[in-house]
Amino acid sequence: MTQRLRARFSAVSVFAVVGALALGMIASGPANAAISKTTLVVGMSADLDYLDPAATMDNAQWKITYPCYQRLVEYNGASTDVVPGLASAWRISRDHLTYTFTIKSGQKFSDGTAVTAKAVQYTFERLLKVAKGPADNFTAIASVRANGLKTVVFVLNQVSPQFLYTLAGNYGGIVNPATASKAVNGDSGQAYLADHTAGSGAYVLTEWKKGQYLKLEQNKFYGGKKPVLETVLFKIVGDASSQRLQLGKGEIDIAEGITSDQYAAVAKEDGNTVINKPSLTVDIMYINSGKGNAALKNTLVRQAISYALDYQGIMAATQAGNATQMNGPIPDGMWGQDPKGFQYTTNVTKAKALLAQAGVTNLSLDLLYSARKSWWASEAQLIQDNLAKAGITVNLKLTEYATARKMIDAGTFDLCLGTWSPDYADPSMFMNFWFDSGNFGLAGNRSFYSNPAVDKLIRSAASITDQKKRTALYIQAQKIVVEEAAYGYLYQMNYRLALRTDVKGFVYNPMIEQIYNLETMYKA
Amino acid sequence: MKAIRQLIRNPFTRGAFFSLCVIAFVGIFSPLLTPYSPTDAKPEDRLLPPGHLHYFGTDELGRDIFSRIIAGTRVSVGIALFAILLSALVGTFIGSFSGFIGRWIDQVIMRSTDVLLAFPTLVLALALSAALGPSIVNAALAIAIVKLPIYTRLARTQALSVSHTLFVKAAKTFGVSSPWIVRRHIVPNLLTPIIVQTSLDIGDAILLIATLGFLGLGAQPPTPEWGAMISTGWNYLLDQWWYPTFTGAAIFIAVIVFNIIGDGIRDLLDPKAGE
Amino acid sequence: MTENILQVSHLNKTFHFKTKNVKHANHAVSDVSFEIKQGEVFGLVGESGSGKSTIANLLMNLESVDSGQIIFNGEIIAGTDSKNTFPYGDIQIVFQDPRSSLDPRMSIRQIIEEPLKFLSQEKRSTLGSSENILKLIRAVGLREEHLDRKPHQFSGGQRQRVAIARALVTQPKLVVLDEPTSALDISVQAQVINLLKSLQKEFGLTYLFISHNMGVVKYLCDRIGVLNLGKLVEVATNEEIFNRPTHEYTKKLLSSVPTMFQEG
Amino acid sequence: MSELVLEIKNLSLSFDTQGASASILKNVELHIGPGEIVGLVGESGSGKSVTALAISKLLPTQITKFSSGSIVFNGIDILASSEVEVAKLRGKRIGFVFQEPMTALNPTMTIGKQLFHVIRRHSELTKTEALAKVRTALEEVLISKPEVVENQYPFQLSGGMRQRVVIAMAMAANPTLLIADEPTTALDVTVQAEILNLIAKLAKDHGTAVLLISHDLGVIANSCSRVTVLYAGEVVESGIVSEVLRKPQHPYTQALIKSLPDIADRDNLLETIAGEFPDLRHRPEGCIYAPRCPKKFEACEVRPMLRIAKDLHSVACWAAETVEK
Amino acid sequence: MLRLIRARLAMLVIVLFGVSVITFLMAHVLPGDPTAALAGPHPSQETLNSIRSQFGLDKPLPVQYFKYLSNLFHGNLGTSIRSQQPITQEILAFFPATLELVTVAFLLAIGIGIPLGVIAAVKKNTFSDYVIRLFAVGGVSIPLFWGGLVMILIFYAKLGWLPASGRLDIELSSPKTITGFYFIDALFGGDKETFINVLKHLVMPSLALGYVQLAFIVRQVRSSMLDALSQDYYLTGRANGLSHKFLVVRYALRNALIPSITIIGLSFGSLLGGAVVTETVFDWPGMGKYVTDSILGRDFPAIMGFTVVIALAYVIINLLVDLLVYSLDPQTRK
């Protein structure tokens, strides 16, 4: 009796030891299998939300949908120009209000049905009905009509120089009209398209293990050239260090989550390489001259702030130097930029003098930022430090993204950090969004900056199509907004991506950052 | 005093007790002990390895990590203490009234603690500090609320047993009021288990604060809070090992010291665990 | 000769509880009647579960009466027609276990003064005067310097002295002694019994003495009531109970007590 | 005279805790013959229970220090025996009954199982036989419905019933010696009488020697043939019950008996013992009772030996009338 | 027993109601709303309003709450704002992962913690006691996010023994869902490679999480054991000659487990949602990460759904604990 008991007791205590041993034995085998040459694994930092091209406005999700859908027009390699995509050709009416596209033949959706003009009409009508973020880009559309199987006609209600470019954006992806049957509760199939793709692109989303990975496989009916990569896995690896370790072991081919300071070290490691290219993304500070601290209405104060910032220090600390200081709102590489535009330099004495001139003392400002960008914490602390030297107290307000966005929209902040990248290659993306007094809040003018002269200049620039005339108008406007220090023009970032050296064919296009040209990529 | 003497007698708690004294010393005199300003950025000195100028190296903004850890002692440990003491104080009063008065008040309070306990600690703390807005005081409040049901229940159980003692029964025969009984008899007599629980919880609170900081909900930068420091620092583990390592070690030491002391106090005061 | 200080008539108390969904009723006290005269020591004896302590609780207003009446000093203080006012201070109690009847966190002075806290201002100042407290602490055989100590610094017998002082501080008309010596050693028990006896003589106190110890009851009580299972089976004078018990239970109880000098 | 079941000679022990040492027993002498019921009486702190536990070596080993003496049980030197050897005696040759029947039984195991384990431990019985033995063991302690009781848990039984079960366990292996440590203190008088009768009956039926520990002189007087009186860890008096209780020789025994209210005259106060119980951490050199003794004289500064007194019992007092040896 | 279940069901109603009200209020006093984060980089006011009304966020709070309750009554937890998916479906995707992780961690902690607690109690104040307690206290003292990473560095990066993230290598297809527990499903599936791979993925996260629980369990068991060992029945058993080991296991441990189970059991409930950090460090696709993202993204329906499910789990665990105590402690059966 007691012996049996003793046996039972020792069984309990031995359980752990045996278990640990067993696990240890399992553990001693090799940890990971090699990835095949036709499979690409991308490590991303977070899971995605939803993929409906009519709803999503986030480049992170676009990297899934972009290769799964085709657009009427496409960006041409690394350039910001557009070339025929699904549309083999298009015609623009003289008044720039009617666009007629001819659909390329032989293109098929992933279910094998042909891409028709009707599908284009369905896509855009649906997008406008869903009325989410993407619809904001197509407010110019008055109507879209399929004319037979191959022709589709867009009628605009105003001249929109960027219209063609917006069609190349992710939201221009043509959706299979068959998805209409998936609609529930009048959601136009949003729930279905949130975790499915239904396009004519080279790939199809075949599996989405929430929190683990998304799997793309080739669209069997794809009308273009058959891609090399059979399978593309987007694997969620939340921690930057883990991503780096997994990249080093070849467990992932691309690591999106490498932090700024790690790139240099990653590039030096065997088998890894880092792409480092100028981008059109800028990092700026909103200076709330409309609804913020009253002192910020004074141009001298805003100038003082701009002189107080240590641009080189900020770029060194946040981008490890992989950035260029801005000389105005429009970044280098985008037409309309003023190459001779004024650039603020760090000059604390001048900053102090300007403040004295403005008669402002003991200025205390709140600096809003979120954890959305990993470098903002450093940036905010440096700005706090910089402005302190000029005699301005800065209180840091780290706020969650959702809250920060709401506060930006309402204008309840003094200073705020933000990034901006163009949706299409047109300077209006910067000038009209940032400075039009009709665009306060999230819509674009986040400094709540208002200057009737600037309004007039940028509005007329946006209503004409002559690039030369527009450039002239924008340069004129830029001189004013730089002079008046409407924003803190910090820097234009470099796009950096860590990948295995055997990943070939990746083309970086600044207009579709974070998106991979999977159709033409391969592993050597 | 006697308690301290007994604490040091045990080899298990002796080391912890002296470490605690060091932590207290560092916490109280931190402004005098930091060789550099813990908050002034110096981008040109960023990410320097440990050396004779910077014992623990520098961080991504060129701040001295040693100074930040020293200054962080006051923040992390102080706030944890504040949160737990607040929770213990409020919980003791709610719990003792609940236990002594009983009836529907007790029911309501106990069901409320049921509800609070049904939330996972960290998630509740997370949601609360998100709701209150990110600041170290709000994080402390969130932790205090999260820990509240524990103290309420503990105090209630104790109050129930104290209220069945003869001395409370005697007091009732004198016609004294309920608040008097709670204040003069019940609360003083349930201090011992509350103190034990408090000492065990402080370590946990330090970790919670650090975890909230790690998730971006604790102290606002540039406050040198350990959790926030690790949150930034752990991305540097592979190339700048010193950054997260020293900070992590600081948390570990502080928490283990409080835990061992808590265990020791519990052994001393809790007759069940002791002799 | 003397009037009744306490009159208990047809007292009933039933406790209800539920196990396995079956309701049980424990008739802790059923139809108990007795009276205590001014200056007398009345004993209540019985074994566990006999209802002794429940009667003490009812008298002290710690439990409510189901039916029946308690008339104290001419006032109905509990039960039918009671005015729901309790004469705090006029009835005091000493409990069995001096280890738990004194709050370990209070000083002896605080303990002794506590019963005065909620009495009228006038009573508080006269009874709570330091001479009074000193007189009392000496009367129970303790010294002035003991006042500032805590209960744990005292032996069991000394603690019971403190409990007695606390009971007497309000100059009560009736003192309920609920097994005051059961937890004490024989030699200490003798001291406490002596103290109770001399205090009674000195202050002309009236005691309700509850005990299961027949020897102590025999020594201290003038009249004795025997309780069995909530019923008062016999009430008689000391002499009658011990020499001519009438009820069977009383006889059984007496015969069960091991006495020192019986043969066998 | 047949060989003694238990003989304790000159036993002294102390409890050493963190720097402090308290002398708990000093030169204790005790012996029990076969079938004899011996009482051990004293107030709390007198060392009654410690003596009992020492016999079975159940005192906490880390703090207990034996400084002199021997305990011989049936010819076995307990103090010199190993834990394993003593463990073999426990329950088999030495039965134990404790004061609190409320807590002395495992609350989460049925009565039958607990008895079963004890029976199996001390016998070579098969499972079925052992189960049958559980029945008879319960019948032995006069439990009327053993088949019901064996499936019950301790909390379902009254105090008296539980104490019967504890006795059944102690007697299960038919031990030579039964140690009953205040077996009836927690019980009502009527139940106490039943339990004491039961112990006496079992001892008689099985010829078991009993050490009955109590603070109640009445219990001792009724149940024992001989008695040993302990005061502060020392034997002050011992002998035939009737002699010791009727003609106590030691001032402490005398005072103890006189302080009982049972026999006192209602018109006078009880006799009491002056002073307080001694601090065992500083045991005085001389007579342990001297500080409280009314008969104290110079000789008391020397510790008195246990000597044979006038009425043929031993007493440790210089003032007692003793018979020269 | 039925009464116990009935009482727990009543508790479930109270807890669920309380939890839903608190969560709802808390979720809605959170500053910010999900639309601003979802509407794209530069939405117009019209778009923001349109999205807000699509999610019903423009209605008064009580209306929103009662709508929620009525949906809940029909077993519908609503639709996530962030992912547009039914919350029930999302929770079904994330919950088993957490449950698997927590259960394995918990079993490890219990399997190691109870024997250690018993040994520490039996050998109180000896060297073994100190070592065990020090080892255990280390678990609650190491910041998980730090310790986890160090583990990854050693066992993944340096030694290459164990995978660093996820539940399964992504090249392997996940086992057919039967229980949602991968290691059970893989066992049923009969694929040895998958099974071993699943176990490998479990090792680090469950050890890390289990170690945290260990101190708690050791402390609790040690204390209850000391209590049990000081009880009279232990002494009675010794006096009756029962062996020390027998008494420790059959007498003391059983009695010590009764108070321990209640306390340890409740901690399991808390772990369910509290594995946030472990899940973050080891990229474990579970509820902890899900709810953190939901809170930070102001995904009200998801937060509500999560808390309701956890509250449900809490009550169920409570019930299981009660039943366990019921089976161990005869006194609860009277």
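Going in written order, the chains are labelled A, B, C, D and E, and every chain counts its residues from 1.
Quick note on the criterion: a contact is a pair of C-beta atoms (placed from the backbone, for glycine too) under 8 Å apart; a residue touches a chain by one contact, two chains touch by 3 or more.
Treat the numbers as computed from the prediction; the structure is a model and nothing was measured.
Student: How many hops, at fewest, get you from chain D to chain E via touching chains?
Tutor: Minimum number of steps from chain D to chain E: 1.
Student: Which one of the chains is farthest from chain B, going by Cα centres?
Tutor: Centre of mass proxy via C-alpha means gives D as farthest from chain B.
Student: Report the chain whose mean Cα position is at the greatest distance from that of chain A.
Tutor: Between chain A and the rest, the longest centre separation is with D.
Student: Of the pairs A-B and B-E, which shows more C-beta pairs in contact?
Tutor: Of the two interfaces, A-B and B-E, more C-beta pairs touch across B-E.
Student: Between chain A and chain E, what's the gap in Å when you average each chain's C-alpha atoms?
Tutor: 36
Student: I'd like the Å distance between the centres of chain C and chain D, where a centre is the mean of that chain's Cα atoms.
Tutor: A distance of 33 Å separates the two centres.
Student: Just curious, how far off is chain D from chain B if you go by their C-alpha centres, in Å?
Tutor: 51
Student: Could you tell me the distance, in whole angstrom, between the mean C-alpha positions of chain C and chain E?
Tutor: Roughly 55 Å, centre to centre.
Student: Which residues does chain D have that touch at least 2 chains other than itself?
Tutor: In chain D, the residues touching two or more other chains are 117, 121.
Student: In chain E, which residues are in touch with two or more of the other chains?
Tutor: 30-31, 149, 153, 243, 246, 250, 296, 334, in rising order.
Student: Of all residues in chain A, which are in touch with two or more distinct other chains?
Tutor: Each of 2, 239, 241, 245, 399-400 in chain A touches at least two other chains.
Student: Can you list the residues on chain D that touch chain E in the complex?
Tutor: Counting only chain D, the residues touching chain E are 56, 58, 87-92, 94-96, 98, 100, 103-110, 117-118, 121-122, 153, 155-156, 166, 169-170, 172-173.
Student: What does chain A use to touch chain B in their complex?
Tutor: Of all residues in chain A, those touching chain B are 239-241, 244-245, 259, 261-262, 265, 310, 313-314, 316-317, 371, 374, 377-378, 380-382, 384-385, 396-400.
Student: Help me check something: in the complex, which residues belonging to chain C touch chain B?
Tutor: Against chain B, chain C makes touches at 60-62, 86, 88-89, 91-93, 95-97, 100-106, 114-115, 117-119, 163, 166, 170.
Student: Spell out the part of chain E that touches chain D in their complex, as residue ranges.
Tutor: Listed in rising order, the residues are 231-233, 235-243, 246, 250-251, 254-255, 258, 328-331, 334.
Student: Can you list the residues on chain B that touch chain C in the complex?
Tutor: Those in contact with chain C are residues 165-167, 169-177, 180, 184-185, 188-189.
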